[in-house]
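Common to both upcoming complexes is chain A, partnered first by chain B, then by chain C.
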Partner chain A sequence: MKRFLKIVILHFEHVFENRARSLIWFIISLTNPLSLILFWKGASNGGNLGLGWTFSSLTTYYLLLALANAFLTSHIEEEVSFYDIKQGDLVRYLIRPFSYYWIKFIEEIPYRLLQGTYGLILLLIFIILFSHLVRINLTVLIIALGLMSAILAFFISFTFKMIIGLLAFWFKDIRGLYNLVDIVTIVFAGYVVPLEFFPSTLKNVSYLLPFAYMIYYPVIIIQGKLLLWEILRIVGIQFLYLSLFLVIQRLLWKKGIKEFTAIGQ
Partner chain B sequence: MKYYFNVYKRLLKINFSELIAYRAGFINSIISSLGWGFFQMVWVYLLTAKIKSAYGWNRDELVILAASYILFMGIFHMFFSRNLDNLSRIINYGQLDGYLLKPIDSQLLLTCWQINYSQIIRLFIGSYFITSTLIQMRYYPSVTNVIGFATLLIFGIILMYAIWFVVATLLIWNPQLSNLIDFLYNITGMSRYPPSMVKEFKSIVLLFFIPLMLTVAVPVKAMINKVLLGDIVQLLIFSIFLLYISRQFWHFALRYYASASS
Partner chain C sequence: MAIIDVKNLSKYFRVYKKEPGVLGSLKSLFNRKYENSKAVDNISFKIEEGELVGFIGPNGAGKTTTLKCLSGLIYPSQGKISILGYTPFDRKSDFLKQIGLVMGQKNQLWWDLPPIESYLLNKEIYSIPDRQFKETIEELAELMEIKNILQVQVRKLSLGQRMKCELVAQLIHLPKVLFLDEPTIGLDVVMQQKLRCFVREYNRRYKATILLTSHYMDDVKELCRRVIIINQGGILYDGLLENITKKYSTHKLLSVIFESPVKKDELQSLGEIKLYESTKVNLLVPRKDSNHIASHLMEKFDVADLNIEEPEVEEIVRKIFTAKIV
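Now for the complex of A and B:
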């Protein structure tokens, strides 16, 4: 545990060295939620949007989405596929006494914490300046279940991106696939509108896919929009998805490492 | 001028040869362009599914705005964005020296070297959705509307190019901030919304977005016969002024370029 902590601290130093870069990444992730808030301001005329959503609850949703995105969305796929597998940096991980999965996980944590901190600062500024637009009714139970769902969401996101990155063992150029994954994630994780706004067929598809469980549901839980049994069902599905992805990741790693040529692909 | 035309003709040929040589990469880019093109339409359909209008634009007009954005970005990505994408790497690795030494204008060379032919797919997607939505609206634009749309779109592209180039020039001072280009990719998305969205707020921070939001909205207004003289003047002034500024800023920034691996 001490060794892991030491590595986390070392990576924190590296992340803090590039904090301006990290801030720009955060601002990038913020542009869409903020532009959508502005859009809905005009589209809703500040009123009711139906399905239990008002302009203020939608504003809260997008703000929490920005915060959750900063904390929970992992972006390791490019590093795994391009730098580690294609360029051969994986060699230096193979000679270390840690599993590749966990060392990458530890490397990712400082980025998420720094960007999440930017997100928290933004949320606080919003609460201070536009308190009438931010509606969060937190109880101890909702916080606890929301946190549990958020942790699972991060693990799902991380493992999923790891799987996508590991595909580089077999494919020469998977940028097209990255883009498709990004697009599907944006739509089905609720980055455009809450899933309740979707047409019924698309809504049903979104409930089956894993993307909503990576970011949408933790946000909705914190917003207090789900009943206790619904939250427990979501957490159960998150466990299932995480188990499935872990198995796939292990399989891909075991088979893929045999394809690795140690001087890059 | 003839010299530059000849150089550009040669660049078009070189880029086409590259496309033939690396077909897998081209197919990959086509998939990605297709994906992003259709995504923009899914985006606008989801966003407008529960509303009738926003900021004075009805649902169909918002769809045309999004489709025009696809067309616009197709042209922009085809000719410019990949070059600006490379600028950070060129500066960071000290390769700019080589470009500055060539007997050609450095801005032209750096921003027009690569042509991404795969983006042509976005032009088809954008055009298809513009046409189909206009037919659905039972609105048939006149020749003047179409010429106005095309002309203003060119000015919009000049304006977008100027904005991107000014921001990319900042990399001379801080080459590590290569994600400034990702930032540009992201904020460009603001141009698929009605400009009054930021005008209404009168916030200093949001004022920065106004030129960006004119790039697509003004040509679309010309197409649907809603354009005002003030809109056209704004777009023309912003595009010419910012193009001039981007050039001056580039020459100013070059004074601070510290050469290899600065």
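Now for the complex of A and C:
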């Protein structure tokens, strides 16, 4: 564990060298939630939106979503597929006595924490300037369960993106695939509207797919919109998805690594 | 027991063959033809502890593919490899802690941070105790003359400095087996020389087993007693470098300086004239007759100086590569 922590800390130094780039990516990711807040301000006329949602709770939702996106959404698929597998950078990981999955995980943590800090700063600014628009009633239990769900969400997101990236062992170019995954994620992880607003069929589909468990549910839990038994059910499903993805990731790695040619190295 | 033991190693790559033109593209939509391209074809060799072996061959000969198989990066199609008793592709932690791979001009250091930060990362990854790390860095930095640049951003270093730092990064865990793939590529002659000295010293000091590929014959001549020559995936020669000349060179070069000019006609029957400048002549003669012809020249002409020279190793190797001999 000590060794693990030391490696994480060393990677922080690397990420701090790229802090400006990280900030720009964070700002880019804000365009969606901020423009949706503006949209709902006009559409709701400041009133009740139904299904227990008000303009202020929806604003809180999008701000928490931006925060969760910064903290929890991994973007390793391009690095794994393009740089590591296609360009052969995987060599430098394979030659070292450390698991590829875990070293990529460690590399990702500082980026998420840095971006998450930007997200927290944004949330604080909103709380100071527009306190009436941010509605969060936190209890210790909600914080604990929300954090647990968030950690699981990050693991699911990371492992899922790793799986997408590993497909590059077999396919020449998977950029189309990860763009498709991004679009599906935007819809089914609640980036556009909370999933409660979906028609029932679409809502049921979104509950079955893994995307909501990567970001949506931790946000909803923190907003206090779920009962305790519902939270435990979500956490249970998150465990199931994580286990499934870990098995798939392991199988793809074992098979795929035999296809690796270390081209360009 | 040999440290490196390779038996019947083959590596094939599946290559897609496309017919030329639009029609070929259309056909390939429905029916793609694949062929197995042999990168390494049934090679076997053994390397003992502490040996420094040159692995040479032209581009595409299979050198790097072999090295990748030996270091566990790619999966062999056939054959068996044992390194320090491990199968490389299993990539067991204990195996990886005992090997090092340096690929020329490939950056493994953090670009935006000083080399020392990458070394610290390797220290943790390889679980090197603090004291050993300090001593090793001290020793390697001194040997490589990089003490003054350990705290400079990698992106600010010259290619030569970077290569030295890369090499140190791969040696922090003091690997018992080291694979060097074109370590001097792109470096100027001074830096090449320094790197060679370092490799030799590392081999001597740590009794490391080293397999080196290089396009520069100087690297091989200066460092390796034994060479393995590979071409088109197969081994053409495996033995002492000095024996290549005896085995493959059928001729010797007589370099003669005469006291007074000698007519060309008088020399033509003795061998092939490679250089004729009045009193200075280079004569290529059959190896077995060289002593006899040299005596004949001394007796018949006024010879100021005469040398019997072996052909350059580069020349022989070039001929082996182009299959003019063997």
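One rule holds in what follows: the second predicted complex is superposed on the first by the 263 of 265 C-alpha atoms of A that agree within 3 Å, B and C clash if a C-alpha of one lies under 4 Å from a C-alpha of the other, contacts with A are read in each partner's own complex, and residues count from 1 in each chain.
One rule holds in what follows: contacts are C-beta pairs under 8 Å (C-beta built on N, C-alpha and C of every residue); 3 or more make two chains touch, one makes a residue touch a chain.
Just so we're clear, the structure is a prediction, and the values are computed from it rather than from any experiment.
With the C-alpha superposition on chain A as described, chain C and chain B fit side by side in the combined arrangement. In the superposed model, A:I27 lies in contact with chain B only, and not with chain C. Put simply, the three-chain overlay gives an angle of 90° at chain A, taking C-alpha centres for chain B and chain C and rounding to the nearest 10. After overlaying the two complexes on the shared chain, residue contacts for A:N18 are found with chain B and with chain C alike.
After overlaying the two complexes on the shared chain, residue contacts for A:K203 are found with neither chain B nor chain C. Looking at the superposition, the partner that touches the larger set of chain A residues, chain B or chain C, turns out to be B.
Looking at the shared chain after the overlay, A:L94 reaches chain C, while chain B stays out of its contact range. In the superposition on chain A, contact of A:V193 is made with chain B only, not with chain C.
In the superposed model, A:L10 makes contact with chain C only, not with chain B. Of the two partner chains, chain C is the only one that A:I257 touches; chain B does not reach it.
Here chain B and chain C sit at a least CA-CA distance of 8 Å once the structures share a frame through chain A. Common to the chain B-facing and chain C-facing surfaces of chain A are residues 18. Residues of chain A touching chain C in their complex: 3, 6-7, 10-11, 13-14, 17-18, 91-92, 94-98, 103, 257-258, 260-262, 265. If you check the complex, the residues on chain C that touch chain A are 13, 68, 71-75, 91, 93-94, 96-97, 99-101, 103, 106, 108, 110, 112-113, 117, 120-122, 124-127.
Chain B contributes residues 24-25, 27-29, 31-32, 35-36, 39, 42-43, 46-47, 49-51, 53-55, 174, 176-177, 179-180, 182-183, 186-187, 189-190, 193-194, 196-198, 200-201, 206 to its touches with chain A in the complex. Across the complex, chain A meets chain B through its residues 18, 20-21, 24-25, 27-28, 31-32, 35-36, 38-39, 41-44, 49-50, 172-176, 179-180, 183, 186-187, 192-193, 197-199.
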